[in-house]
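The letters A, B and C name the chains in turn, as written, and every chain counts its residues from 1.
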Amino acid sequence: MEKKKLNLLLFSGEYDKALAALILANSARELEVDVSIFFAFWGLFLVRDPEKFTTEDKSMYEKMFGMMTPKGPNELPLSKMNFAGIGKEMLLEMMEEDDAPPLIAFLKGAQKKGVKFCACKLSVDVMGFKQEEFIPEVKIMEAKEYLSDALSSNMQLFI
Amino acid sequence: MEKKKLNLLLFSGEYDKALAALILANSARELEVDVSIFFAFWGLFLVRDPEKFTTEDKSMYEKMFGMMTPKGPNELPLSKMNFAGIGKEMLLEMMEEDDAPPLIAFLKGAQKKGVKFCACKLSVDVMGFKQEEFIPEVKIMEAKEYLSDALSSNMQLFI
Amino acid sequence: MEKKKLNLLLFSGEYDKALAALILANSARELEVDVSIFFAFWGLFLVRDPEKFTTEDKSMYEKMFGMMTPKGPNELPLSKMNFAGIGKEMLLEMMEEDDAPPLIAFLKGAQKKGVKFCACKLSVDVMGFKQEEFIPEVKIMEAKEYLSDALSSNMQLFI
């Protein structure tokens, strides 16, 4: 039987949506499905390496943008439930109570299991990110390259 | 001709997004397409039975969470247009003017028409929901089971 | 080889999500892929012609709604980063720095390249929009017609 392929486009920069994407990616790999994630717009925040922030070779806007926005999985906000800021803390506590791993663990799982990480070139350029600011698995590519790959996959989601 | 299959993942807990999902589900059933909806994260709020809220066997966080969050279709907020809270009322009035049925009618339609309702086990566990707090059609399953089914569908959407 | 088909459902009424949808649509057309976009709910704002707003034959709610909501691509807000309102200005400046075209250019590109524009009849009726308030390419259709088309496409996204 031919190998199945799952293709995710992560547009959102939120903890809960990134969690959904990475749970699907990890589960699919366990089913021996090929998985690619194309990170675009706010989705790029997830694959920033928090240790590798630079301001070199950036415009004033790009520097400000890089400083103001989340650096890696732990800094992502929730999409909902930000009741006076307790939402994310509460969700994390509830996850811990059930021994559900945090986002960073699913990210590391995806890296180990061979999920393909692609970043949208246009978004990277506009936001002023440099290749070395991302985790090493990230490969920068055009939207067209993503589309060619996604069109031949069995399943595509925009998250 | 082989029967077509539509697979929706409802992640969002908002009135308008749930409405979009259920309109698609009902329309697809009228075209004799098989339909499954996998409810995850905030999407679970839609399939809570408002009469069946319990605090038994729940941690303090799970109790608080269950109380603070929407119980069933009528309590879901809008994703947009919450101008001073008039957004949802206004949309509901406008729907009534055009004889468009409310969300609860589309939910009942989907139940009658044999849409499959699946709930994400990890989300259910983390949020502390019990099987009996959901409408009776809901079957709790792992993300892997959802993925196997979705990968063999003709169309998948993340809503 | 049979021609591939991409089918997008644009539900969101935000600048960044509309940009993502139109970048995909334009890129797909450059790969000679057939593209349809089904505009539903807040997604309809993108295909409003800003010059053609009318209050004729509308209920009071429909008039208010038409006035309060974005008229065409330039008025769409950002989905994120609305830090004290500077988010969108900043993004637009950053796009200009990189010579990335604004949303309106991608919309015009999609019109020229033959992307099919469909509008959800139920949403149009509820919001009270008239055919002549949209850009001329827009064809109003039922959710079922969209579904039949989408089910036979190679790729579908809900944005």
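Observations
FYI, a contact is a pair of C-beta atoms (placed from the backbone, for glycine too) under 8 Å apart; a residue touches a chain by one contact, two chains touch by 3 or more.
Being a predicted model, the structure only gives us computed values, none of them experimental.
In the contact between chain A and chain B, the residue numbers used by both copies make up under half of all numbers at that interface. With angles rounded to a multiple of 5, the C-alpha fit of chain B against chain C returns 120 degrees of rotation. Averaged C-alpha coordinates give centres for chain A and chain B that are 25 Å from one another.
Shared interface positions of chain A, i.e. residues touching 2 or more other chains, are given as 156-158. On chain C, the positions that touch chain B within their shared complex are 9, 11, 13, 40-42, 59, 61-62, 64-65, 68-69, 122, 125-128, 142-144, 147-148, 150-153, 156-158. For chain C in complex with chain A, the residues that touch the partner chain are 4, 6, 16-17, 20, 23-24, 27-28, 30-31, 33, 80-81, 83, 90-91, 93-95, 97-98, 100, 154-159.
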